[in-house]
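Chain nomenclature is as follows: A, B, C and D, assigned in order of appearance, with residue numbering initiated at 1 for each chain independently.
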Amino acid sequence: MSQSLTLGFSCPDQPGIVHSVSSFIVTVGGNITESQQYEDRDTRLFFMRVEFDVEDSTNLETVRNAFAAVGERFSMKWKFVEESQKERALIMVSQYEHCLNDLLFRHRSGALDVEIPLIVSNHPDLEEMAKWYGIPFVHIPVADKAAAEVQLRALIDEHNIDVVVLARYMQILSQEFCADFAGNIINIHHSFLPSFKGAKPYHQAHQRGVKVIGATAHYVTSELDEGPIIEQEVARVDHAFTPEELAAVGRDVEAQALARAVRWHAEHRVYLSGKRTIVFK
Amino acid sequence: MSQSLTLGFSCPDQPGIVHSVSSFIVTVGGNITESQQYEDRDTRLFFMRVEFDVEDSTNLETVRNAFAAVGERFSMKWKFVEESQKERALIMVSQYEHCLNDLLFRHRSGALDVEIPLIVSNHPDLEEMAKWYGIPFVHIPVADKAAAEVQLRALIDEHNIDVVVLARYMQILSQEFCADFAGNIINIHHSFLPSFKGAKPYHQAHQRGVKVIGATAHYVTSELDEGPIIEQEVARVDHAFTPEELAAVGRDVEAQALARAVRWHAEHRVYLSGKRTIVFK
Amino acid sequence: MSQSLTLGFSCPDQPGIVHSVSSFIVTVGGNITESQQYEDRDTRLFFMRVEFDVEDSTNLETVRNAFAAVGERFSMKWKFVEESQKERALIMVSQYEHCLNDLLFRHRSGALDVEIPLIVSNHPDLEEMAKWYGIPFVHIPVADKAAAEVQLRALIDEHNIDVVVLARYMQILSQEFCADFAGNIINIHHSFLPSFKGAKPYHQAHQRGVKVIGATAHYVTSELDEGPIIEQEVARVDHAFTPEELAAVGRDVEAQALARAVRWHAEHRVYLSGKRTIVFK
Amino acid sequence: MSQSLTLGFSCPDQPGIVHSVSSFIVTVGGNITESQQYEDRDTRLFFMRVEFDVEDSTNLETVRNAFAAVGERFSMKWKFVEESQKERALIMVSQYEHCLNDLLFRHRSGALDVEIPLIVSNHPDLEEMAKWYGIPFVHIPVADKAAAEVQLRALIDEHNIDVVVLARYMQILSQEFCADFAGNIINIHHSFLPSFKGAKPYHQAHQRGVKVIGATAHYVTSELDEGPIIEQEVARVDHAFTPEELAAVGRDVEAQALARAVRWHAEHRVYLSGKRTIVFK
């Protein structure tokens, strides 16, 4: 019997990285099952993600320590994840329910292998849906924004949250919050960014007369709709679509883009390289 | 034996339009083979395109006169086109040859049923290609922009040009020119507008880290990259694409979007409704 | 105030049909809001769908009677539908829940404007889901196939069912059943038909090494996976997808194709022409 | 200054392969620029493709010899390719010119980095096109099939051809020919295989009423349209498309699928694993 480990890292590019990593894996008796790498010519950073199996009896602490030397040698930012360690996601939502429903359905059917300890909303509307899927729901009104974020931070802390998913959460988080959880907040914007930032993108799309609409899942930064893009999905439309019909088509596209982004993030397939993401699908 | 006519019009919406048009067609002994209509709720305009067959012996002047009364009654902007009347396109190009080659190949193989009396370029490079396809090529340097446009206007006049196609023509036409030929200049922009207007869109796309790129065929107005969109095409990309590789993928997408836009325009399928187009595919 | 009517018909093609229909609409004081038509050159049939508004006070019985003469004159198969008459769909399902969940979610959110009086399954598993969405659920085991169909027919009768939707129902219906409800049973097949008919299409797709997978929503006929296709959706895959991963991607594609097919059918946009469908989107 | 090498191989899967390959690369002073691997769970084969740079002064014969030991140890089928060694492609065509034109245009513009020493056709029609692109053209009539293949083999030999590209070549090659050049003949079939094998696929697609059409680039085996698929491309269509219009849309899809397949093959990105291909894009 074996257990599966995922190692992901980035570091300044130089010769010998892959060799050192593969030596390390041989040393711990590992067998590589999936491996991807990328050298970013803009940032001169090297990225790698490797999944490998080790004996069930292997002491993972020892594995980690063995890798630490490699990590140090190459100045890596690295992370080891065991199969059993599931990413813990807190979902935030307002009143649009399609993305929430999609995530919860995928979670329930096993297609989205994360833990969802909590749903937070600034509206009480979707409590019933959360309940049916068996996920605790907390209503945090935003009349007092600062107080709301204090409460949110406390919940993140209490539930050991790894990633916050904004599944059509229509409030803007504070700059401090975005900075503190940088790279761990995923938002779905209902347009093909950088087109149609800000409010009412389907109305903007209708007015501009575009023939394809899209949705963008991205990490949240303090700059609105400017964070690194993880995934985008598009759909063909024509002149006859009203803004409401664009929004209806858009709902499918949003749900798909967000679900993929959350899954890839949870599988440690997404790496930041400046304002861009490296996604090892 | 019969001949085919295409009637296209727009007018303020009101009841009875379709009935009057179909009455007219019955009157001239026509048989409808294709018909599309659209009521724009924003502009309150009604658009219709109908193809119908009439006897070969039918006097088309009579048909036109018969319709004039209908057109006047509903304040229509209308156009009758006979099967034999092909749209006359002047293609403008700089040094990128993919869109030109695509249009000329489609023209040669019969897939693009227009007449191309002339290719105009601000560079001499593509003369050989034009020659091989048997299309006259005129090199108009743009050192003196005003003089160049005078020459261009003279050629448009001389060759009875209906539509100017900018197949990666990298110069900006004057506001006067754009205004005078409004609705009859088609440009291909190498991005998914309104994203990445202006120069070097593939570099912009690379920097922004988008996961889908696109191209936009649009009518040219005096405002850069802001004209009514006729068609858009997209392609999926990922982090590993350099700006040059984005451009390579983009070339296919550009050629396809432009070819469709020109074909639809030439078949009188595209109508302007404010800043948007109605496209009866 | 006005009410909306939808008229759909097919008939042997001949001149004057559109004129007669538009005359009729003028006669009853109607205003056309959407209209599509198609002449099938293979079957020589003409198809038309027209939506129009009439005064709220209009007697619909009178409208129907007025059209009967037109219908008879052109040997039409025609149907009038009032805005308030919603298609009544019975959904059948086995154990895969993704298509059922998708239909019920769209129904609940208003995107799928049908009535769903009943869900029928040969397994008890999905009763909880049906209950949450507030739809009655009947478990009909299929140990005795004939008895099961008797019970199904009774339910269809009792609930005035218009259309039966097989949302991954894994049993084969009898030839008699298929014949009696021809054109009113929609199935989703989990392949891009006609590729991979029959069982385990994702395993077949994996073995054949296809680079794109698909799903097909079609009317059910007595010949397995051979009925007229209403909609198909596809997704790009690669060599690294296991049959299970193909199935996971396929679930999204199946749900989308089926949802569109059911919506178009419910909006009376789908017409049969031999073994093909005309879909007025 | 450095030179780029591409190493591709397959072998029975076992631990230590990647480590041995990366050790080898370190030994020869190489720096990995791109690397992909795949373990086929069905065939238990491991596939790897790695690009790496070595000093310009490096003796490539030495590199090859150094790798031979690794290859033998793991029972690899392996191949080293230097940057300057371009795949030599012979294109075969009948009368449809769109795929030929597309390949030649990409070749001319540098997007398809192969050598094309020769075009062979069973018709004289496309000689002019070949001439314009500056590629020798040989007309081999197929009245006597055996003689034609003798001549073809002689040309392949004479021109050191690596790969034969059937760019809508409408003749069937003999079983012996297919066997002798297995894995080195690429065909474009004008359907989404395995749908619509054999003749007139667009007519078959029209009759079946599909809503999406496709094209398939595949290696040729002695079994018609059954060879391993390299790439597929699709396009959405509807009921209104005649077989001729399906074919027109199909031409674009065919050209794209074939161009990608040829490029990937030429870049040594395609590996055979039973009846499937591994494509390291």
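In this section, contacts are C-beta pairs under 8 Å (C-beta built on N, C-alpha and C of every residue); 3 or more make two chains touch, one makes a residue touch a chain.
Since this is a predicted model, take the numbers as computed values, not measurements.
Novice: Is the C-beta contact count larger for A-D or for C-D?
Specialist: C-D
Novice: By mean C-alpha position, what chain is farthest away from subunit D?
Specialist: C
Novice: With centres defined as the mean C-alpha position, give me the subunit A-subunit D separation in Å.
Specialist: Taking the mean C-alpha position of each chain, the two centres sit 37 Å apart.
Novice: Nearest whole angstrom, what separates the Cα centre of subunit C from the Cα centre of subunit D?
Specialist: 42
Novice: List, in ascending order, every residue of subunit A touching at least 2 other chains.
Specialist: Correct list: empty.
Novice: Along subunit D, where are the residues that touch subunit C in the complex?
Specialist: Its residues touching subunit C are 38, 40-41, 192-196, 207-212, 214, 228-234, 238-240, 242, 273, 275-279, 281.
Novice: Would you tell me which residues of subunit C are touching subunit B in their complex?
Specialist: 15-16, 18-19, 22-23, 25-26, 30-33, 35-37, 39, 236
Novice: Hey, which residues of subunit B end up touching subunit D in the complex?
Specialist: 97-98, 101, 105, 109, 111, 132, 248, 251-252, 256
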